[in-house]
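Consider the two complexes below, in which chain A is the common component and chain B and chain C are the respective partners.
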Partner chain A sequence: MNNKIPAFLLENKPYPHSRTVTVKTLFIDKAVGHISEFYETVFTNWETARKDGLFQRLNARTKLLFLVLFVFAVSIKKDVSSDILIAIFIMPFVVLSKIGILSFYRKTLIAGFFFGLLPGLPAVLNVIMPGEPVYRVIELDQPYELWIYHVPQTIAVTREGILSAMTLTSRVANSVSITLLVVCTTPFAELVKALSTLRVPEYFLMILSLAQKYAFIFLKMLADMHTAKKARLIGRPDAADWIAGRLAYVFKKTQQRCDDVHKAMTGRGFTGQVKLASLRAMTPVDIIYGAMFLTLWFFILII
Partner chain B sequence: MHIPDGYLSPQTYIPMFAVTGAFWAGALRKLKTQLHAKQIPYLAMAAVFSFLIMMFNIPVPGGTTGHAVGAAIVALLLGPWTAVFAVSVVLIIQALVFGDGGITALGANCFNMAVIMPFVASWVFRLFRGQGGQRLSLAAFLSGYVGLLAAALATAVELGIQPIIAVSTDGRPLFAPYPLSVTVPAILIGHMFLLCIVEGMVTMLLLRYFYRHDPGMLKEAEAL
Partner chain C sequence: METVLALNGATYRYYDKITALDGVTLSIGSGKRVAVIGANGSGKSSLLQVLAGLIFPQSGQAFFKGVPFTEKSFKDAEFLRHFRTYVGYVFQDSDVQLFCPTVYDELIFGPLQMGMDEAEAAGRADEIMKMLDIEAIRDRPPYMLSGGQKKKAALGAVLTMNPEVILLDEPTSGLDPRTQAFLVELLFTLNDAGKTIVLCSHDLALVEELQAETAVLTEGHTIEKVGSADDILGDEDMLLRVNLTHEHFHRHRGAGGTISHVHRHAHGD
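This part shows the complex of A and B:
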């Protein structure tokens, strides 16, 4: 059977470009990946904040009190055992708040590893911090003085160094878990409103709240621009100029959007006086939990 | 550059909150008198602009990546007081949403990146800018470069003084364990040869773009 495809389409000729072209936009792709990460994080937090768990039912002010008290407590405790006690104390709240416990502790441990253990590791050696050696790593033929640095003859892991790295790791992990517990169970808008109880000016809170919303709009715009550009791209783009051009474009776009937003705000009765919608009133349950957090905080401080 | 929780002692982070709070209050007063209510969304958008700049991790030799803070370009385009506000907002969102930078270290992080960096960048730009495009590019690059370097130095000092001001009875550092002799070279070398160049390049490329395509905007910025 004869087909009706024109002959030139049936010819198996190579693509007319004589050289292979590589599209090097990998780091821009990664930036767009970060944008997706932003969406994912915000939506995951939003999802967990909507669950019917213990912390989700509490007033944002009570949770803010919890955050401030316990992050402060973690920062002043001086030993690993206190940090372990605080971690044990937080765990029931995580379970009762129906946050995915595995994902919660995975994030906490990753933060503890990358921001606590890894940067703290060199400090276990007596090159950084002198102390009681517990494990000999290397024996040099003599100690060295290099400008302001002293390298001892025996380079060893010290007891003080291990304690210091452990304290740093546990403190970072605990602080992250406390912050995560509050952030995952509280919508961002409520958390921002609760900051007014710390006397943060409403003007500032409004900008904070608007910025989080605009981040969605402009990040999407940037991601769309990149997808559109990549779809039409043949050859090597000048990545630096492209980024500068797109960022500048977004900047101009944000300025144009200002007028629209201001008109919309004026149309809804904005007169220049910033007034955020108030949070729901504190219930007896919120007050009881607030009192409980305060009591536990005192208990942790005195032990 | 974002200091996490656990690295700074209360003796450091509480005063840092007080100092940064004074700058926030100053910025708020300044902006309230200078800006119309119309500019409230404008400030939020400046913050998002800085946030966007931080999203671009540019590959640097050694297999790692670095990103610009964007404080210098925001300071050059909108003025340093606006940058104080805009970059602080970004840092607060990053700490609360991503856990990037600690809650207790927020005052110090804002002081380094939202206070020191925009002001130093503005001063350096004013010092080096000329009338022509060539000096403008150089001044923009240096403002980003020196601004970030100053912020990095402040971070290194804040971390490096911890073993002096907060130690246990047996002499063990309770917070960041590295002394100034380690933190200052470690942080500054990494910044001088990699991240400050990225910041300088981003500031220069963006400012050059505006110079070519929207010179009126730069005239407005110079008036700030």
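This part shows the complex of A and C:
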């Protein structure tokens, strides 16, 4: 082999003592940072799901029953007291399942704030929902008719409005906490298998597992490509062009991977009908907890 | 000795344009250790996939136990079941092969598709995990495994089907020396147990270690030579011709002064 090194490879570059120029963080760097955070979250969830806690020991079917029953109960109950009762009922399970309680309730409250309180906030005013005023906000010179809304002369916060916003917030927070409790204590694979109890076809479950797995692989590929590019980058790149090019590349890779995975499945006997390993059998403890959830559900519905 | 898999003048072209195999004739005897070697892009993986009935030659024939098989043969449920149980294929990229949610699901997938009772399949999975020392990662998703663990899981996923012929595409590629040694030992054990081992690689050290019957593919996608490992590895001119070795300039400095000369070198991964 003829190893003639070009002259430029032999040049030494002195460190330039010029003025410091701050390079701005691009949105793409932030996006890749979020990908890393996502990995971390998934890994943390996986670790939590393997702890020796109360919910972790339960069969995924029992947890799925809990999820369906209580999200249903939360959605049909229209009073704050029921929501508070459900929240109190969930808390011991969170503690006994050894989930980081602060992080758990932080996530729950953030979701409650963004998806419950913020959308429900306008309803506290008597412009949206008439009711008994408890706090006067503004006094107008006369009432107005604005599209479908009647704007009264005195715009005020109403008791009914506050209750309505509180109900919406608590419903969202409760639904999120129930879902988080199940998701954090159940490995994704078991959760997917438990869906077969709800008569979800095995095809769909297989696709769900494949999608989850390959989303990881392709996200990692994108993060690696970005890191490789960053290692050779000086100055501001044209991020839009790069993203478009990489998306096309990942799309092509996805197609190739799809063919290869199909070959791998065929090689192991896949003929078009999927047979998946079933979930572990229900134990008496799982059945007792299932019965307890059902009883409490009835109790919450009738009060 | 029975011939389990064979090709007669097999030609395969990707998208009907890019030639991967050009008139390849090869036979694999039962219970043998066979290595297919060749430079990058010579068609090693394609050859293995044709033998595994995953792709089908446009011309020429592929045989399973003396009976020619085509894509149509796999429409016959009995043939399909027999062939897939008999011939196992381990992909080079383990991420392709590991498509189930956990290692355990991966190991049990093949036997379940073959119609095996789940308890029996679970028993097999447990034994294979013990043999490959992967019990600790039983419930782990494949994307949380190291390269070596992925390779073991991929191999385990094939072994639970108890194939008589195991085809391995670049089995030691990207593995650390300890995992490579484990794999080579395992291949010997499986071969001693009567399994036919067919692998493709460009790692000549692996071929020497396995003392496999070796077929050499050229960059023109044809078979250059078939022989014993010693016979093939001893034919330096042929190895140079098919680009598996290259000439390397060296300068040694010692007590007797500086000696410059040209070596022939082979490189693994």
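Here is the rule we use: the second predicted complex is superposed on the first by the 273 of 303 C-alpha atoms of A that agree within 3 Å, B and C clash if a C-alpha of one lies under 4 Å from a C-alpha of the other, contacts with A are read in each partner's own complex, and residues count from 1 in each chain.
The criterion applied here is as follows: a residue touches a chain if its C-beta (ideal position, glycine included) is under 8 Å from a C-beta of that chain, and two chains touch if they have at least 3 such contacts.
What you see is a predicted model, and the numbers here were worked out from it, not measured in a lab.
Look at A:Gln142: by the touch rule set out above, it reaches neither chain B nor chain C.
By the touch criterion defined above, A:Gly269 lies against chain C but remains apart from chain B after alignment on the C-alpha atoms of chain A. Shared-chain residue A:Phe188: touches chain B and chain C both. Touch criterion met: A:Leu210 reaches chain B and chain C at once.
Contacts of A:Arg257 after superposition: both chain B and chain C are touched.
Once the two complexes are overlaid on the shared chain, A:Phe43 sits against chain C while remaining clear of chain B. Between chain B and chain C, B contacts the larger number of chain A residues. Using the contact criterion defined above for the overlaid structures, shared-chain residue A:Ala123 touches chain B, although it does not reach chain C. Looking at chain A, you'll find residues 188, 210, 212, 257, 261, 265, 270-271, 274 touch chain B in one structure and chain C in the other.
Listed in rising order, the residues of chain C touching chain A in the complex are 49, 52, 54-55, 77, 80-81, 84-85, 88-89, 91, 93, 95-102, 104-105, 108-110, 112-114, 118, 121-122, 139, 141-144, 157-158, 161, 246-249. Within the complex formed with chain A, the chain B residues making contact are 4-10, 13, 24, 28, 32, 36-49, 51-53, 55-59, 65, 77, 85, 89-90, 92-93, 95-99, 102-104, 163, 168, 170-178, 181-182, 201-202, 205-206, 208-210, 213-214.
For chain A in complex with chain B, the touching residues are 26-28, 30-31, 34-35, 38, 41-42, 45, 67, 71-72, 74-76, 78, 107, 111, 115-116, 120, 122-123, 128-129, 131, 148-149, 160-161, 163-165, 167-168, 171-172, 175-176, 179-180, 183, 188, 191, 201, 203-204, 206-208, 210-212, 214-215, 218-219, 222, 240-241, 243-245, 247-248, 250-252, 254-255, 257-259, 261-262, 265, 270-272, 274. Chain A makes touch with chain C in their complex at residues 1, 43, 46, 50, 187-189, 192, 209-210, 212-213, 216-217, 220, 257, 260-261, 263-271, 274-278.
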